[in-house]
Amino acid sequence: MNRARGSGTTGPVAEWLASDPTTPPAPMDAAPVISFDNVAYSYGGGALLTDITLDLAPGSFHFLTGPSGAGKTTFLKLCYAALTPTAGDLRLFEQPVTGLDRDGVAHLRRRIGVVHQDCQFLDHLSVAENVALPLTVAGMDGAAARRDLDELLGWVGLGHRRDARPPELSGGERQRAALARAVIVSPDAILADEPTGNVDWDMSQRLLTLLLELNRMGRAVMIATHDLSLIRAAKSQVQARVLRIANRQVQVAGAEL
Amino acid sequence: MNRARGSGTTGPVAEWLASDPTTPPAPMDAAPVISFDNVAYSYGGGALLTDITLDLAPGSFHFLTGPSGAGKTTFLKLCYAALTPTAGDLRLFEQPVTGLDRDGVAHLRRRIGVVHQDCQFLDHLSVAENVALPLTVAGMDGAAARRDLDELLGWVGLGHRRDARPPELSGGERQRAALARAVIVSPDAILADEPTGNVDWDMSQRLLTLLLELNRMGRAVMIATHDLSLIRAAKSQVQARVLRIANRQVQVAGAEL
Amino acid sequence: MTGGVARILRAVRGDAASDRVVPPTGFTVRLTLFTAAAMAFLAVFALALSLAAGRLADRWGDELARGATLRISAPADQMDRQVGAALRVLETTPGVTDVRALSEAEQRELLAPWFGPDLPLDRLPIPQLIAFSETAEGYDPDGLRLRLQAEVPGAVLDDHRRWRRPLVAAATGLRILGWSALALIFGALAAMVTLAANAALAANAQVIAVLRLVGATDDYIAGAFVRRFTLRALCGAAAGAAIGLAAVALMPDTGDAAGVLTGIGFRGWHWLWPLAVPALAALTALLATRAAARRVLGSLA
Amino acid sequence: MTGGVARILRAVRGDAASDRVVPPTGFTVRLTLFTAAAMAFLAVFALALSLAAGRLADRWGDELARGATLRISAPADQMDRQVGAALRVLETTPGVTDVRALSEAEQRELLAPWFGPDLPLDRLPIPQLIAFSETAEGYDPDGLRLRLQAEVPGAVLDDHRRWRRPLVAAATGLRILGWSALALIFGALAAMVTLAANAALAANAQVIAVLRLVGATDDYIAGAFVRRFTLRALCGAAAGAAIGLAAVALMPDTGDAAGVLTGIGFRGWHWLWPLAVPALAALTALLATRAAARRVLGSLA
């Protein structure tokens, strides 16, 4: 895809949430957002992940499962260039990660929204400022962006907490703020690590809806989770692929899920 | 109860795990471990919790549920004196928390094992040292304690990671280490905040078993969670009470769960 | 107070477990080490300066300023009588001591630079000099002048006071400057250690939270920080003081000729003073860190 | 190099957004402020000391040490001839300049402290003094003595060299001491700012991780830290230098009499020197923080 993102596409939350659910998904034969070719990773001891060959197309929706400690977070970190493969060829937006310098990685991150498993914030800024951080860093915080911010905070149920400091949030509120921060710039790819581990069922459905809408607008979405009911709920609404990490391999899970 | 805990009872993990499941529970009419009398709490704005009147008996098993942001973590923090009630009378081991000085709180914490929602560790120590930290602080780290430590680490599936540093753990591994740390001294009360939010179903059953064993030995256990299947699984094995926070009140949920 | 001392001693004695439990405090501790060394180095210099200035002030005050002379010019036949009268006057003046007429040899020595060693003193109408000292209380030069005018008409009192005052004032000022520099240096050390300890404690808020969670008391947590900063301040200050002492010892000593700074250095038991610097630095660090730890721990839940 | 300067300027110019995004760095920044102030204060003093020592060394080297005297004792009838011969010898000696026989009034003034003002110079066999100066190259005292021995038997050369050398050496040593103290002070400032910046960066590892996660570049992150530390160093050093200047200005100036330290102070355009101290401190802080930020950011993923 490689579509240049001008300021016009900045955080159009209103647009996503109002978007016609029948909008056709982005063509699946476009250039992959993330492309693994025989990638392996090891933290120094034995290999944790080997032989990963996989393409994430724009507009695709993936779940990532596997037992605790299997390597889900590690896999996601490879996807946003926080880790570099120990072997194989990994391309993000068609650029090989091994050829990226630190500034290259920084600019790449602006096209990828990430929800960390342990959501981290700038504790001296308000929740609203934290959610708007990707806009601030990219120098895109205009009036339109601010309107979108309000709407997004309302959707994830943080409208009344927008002026709180992150340490004053509950666990679930932090996760929602992290998700809001990840999607505020409407990035080309959204990677979420257990985004619903600390929220109740109703809220997890709300968050899923948000991600589904973004996916319908052509964004690639990948969610690492061990919550099978979340996967089932999503599968009823979108054509999602479930990846399973087992025996150091990333496999596409069958229909049993 | 107020039973003095000598060094003989230090971390007898072997004992719990091998303990006869028919061991009679501690008498429910003993003095309550934690006793709320018309307690209220507010972070400064409106009241978050009001009118809490509740006793936690030794050997009792409680679940705490409620939507995200309802006050589950806040309630637990009151239970281990990290917060002081803004109104009402709260007693921990029959001592009023308002009469406790900082050293009093410190000594109280040695009788209460806590699993924080965001598990925090000392990043410069190994996982094993972190799990043994309550023993170290209390000056009880003898050879027996070290044997128990190994067994406990094995049970929560961290035997092979014992020499890793906490930042090198996966999200689920951190939660398991936090639970192990909370139970290592076999404290009189165990308070766990979403202890299974990041682990898969099999592991959550393993962790539940550990807590059930401790409960069978007379320890009071309270688990805040939004995972209804965990509650269902526990209810089939123990007489657990489910508390639900709604409308700023802590209510005992009916049989519908 | 003794309870406080016992607590301090207990705090310093150490506990390997609690030392290990608090993480290496990296830069802030290195900063303390460095600051203590730099401050001790400066303290040794300030000390040397103060002591040298003190010696100078004493010397100027005692010898030079308190030595005065009386010059008697008279016809040869009246000389002995006038000298005798002057000696009597001086000996009865309160505040005057060590009165002594200069011998011929002494006068000759004083004049040699000007007239060469073979001056025929006996053939010249050279005045007689009477040297005397002043006690600590001093004498009244105007009263003395009046008495001499009446009894010894040929006497001229050479009072060194006119250039004594600024000199002694300068030396005393220098000594005050040295001691206030010392106070300033220890104040700066205390401030820097406090800030460094605060920074270390603030950076370790999570560590403190974890330790409180598992039941560590404030003393246990603070102890590790206090010991670490005190020990680093002691080591740093010892190194700094040693370097400072070496530098002072290496300074060229040109004796009295060259004035104040070149006379810097320690004499006799004064060499013991700089040894107190590391101890004082450690004490400063201990108190500063304890105060900081107490404040930070109190502010955390 | 100009690219580097442009980058530095860009870094200092500031960006409100990135300044806000980095949290207040509390104690470490306060530490920088304080350190810069203390160091600037000391730097001003060291500067004053160096400049005063420089003045002293120049004066001793030029005036005092280069002045020498020749004393001629001779029978009255030979005096004029010998003085004339001595003047001729001196005027033809390389390295000797400003040769001048002292007038009667000058000799009287020199002797007044000893003999009183009404000394009958014409009736006394008083030697004649000839004063002369030495050029920068100096003269050969042994050669001069030999020539005088032959032509002016009554002449005695009073060469001040024997006490000139240690004095000039001392003043020069003092000047070197002052400048090395300055270098040391700025080195210490750089070390402390580096350590403080490192501590600040290390304490903000989470902030940096969050900023990197949302796509902030290293320059953006480092810029906020660099600006903050540079500004604080500038402010602190300005305050410290101002206090130092005030202290120097308030020191009692007893003129030449009191030697080195009491003559401390700035003369003429030398007052401009201390103004450079804050600028230099800011530059030091800028470079130190930039280096620290680059290192820490590079070590974080």
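To keep things simple, chains are lettered A, B, C and D as they appear, and every chain counts its residues starting from 1.
Everything below uses one rule, namely that contacts are C-beta pairs under 8 Å (C-beta built on N, C-alpha and C of every residue); 3 or more make two chains touch, one makes a residue touch a chain.
This is a predicted model, so every value here is computed, not measured.
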{"item": "Co-neighbours of chain D and chain B - touch as defined", "value": "A, C"}
{"item": "From chain C, the most remote chain by mean C-alpha position", "value": "A"}
{"item": "Geometric centre distance via CA averages, chain B-chain A, whole Å", "value": "33"}
{"item": "Whole-Å gap between the CA centroids of chain C and chain D", "value": "23"}
{"item": "Separation of chain A from chain C, taking each centre as the mean of its C-alpha atoms, in whole Å", "value": "69"}
{"item": "Where chain B and chain C are represented by their mean Cα positions, the distance between them in whole Å", "value": "63"}
{"item": "Two or more partner chains touched - positions in chain B", "value": "none"}
{"item": "Set of chain D residues in contact with two or more other chains", "value": "none"}
{"item": "Pairwise touch network: line, ring, star, complete, or other", "value": "ring"}
{"item": "Touching pairs among all chains present in the structure", "value": "A-B, A-D, B-C, C-D"}
{"item": "Interfacial residue positions of chain A with respect to chain D in the complex", "value": "82-83, 102-103, 105-110, 114, 116, 120-125, 133-134, 136-139, 141, 181"}
{"item": "Residues of chain C touching chain D in the complex", "value": "26-28, 30-31, 34-35, 38, 42, 49, 53, 71, 73, 110-111, 113-116, 118, 120, 124-127, 129, 156, 158, 163, 166-167, 169-171, 173-174, 177, 188, 191-192, 195-196, 198-200, 202-203, 251-252, 254-255, 257-262"}
{"item": "List of chain D residues in touch with chain A within their complex", "value": "17, 20-21, 23-24, 206-207, 209-220, 297-298, 301"}
{"item": "Residue ranges of chain A touching chain B (in the complex, touch as defined)", "value": "43, 66-69, 72-73, 117-118, 157, 161, 168, 170-174, 176, 193-194, 197-203, 226, 228"}
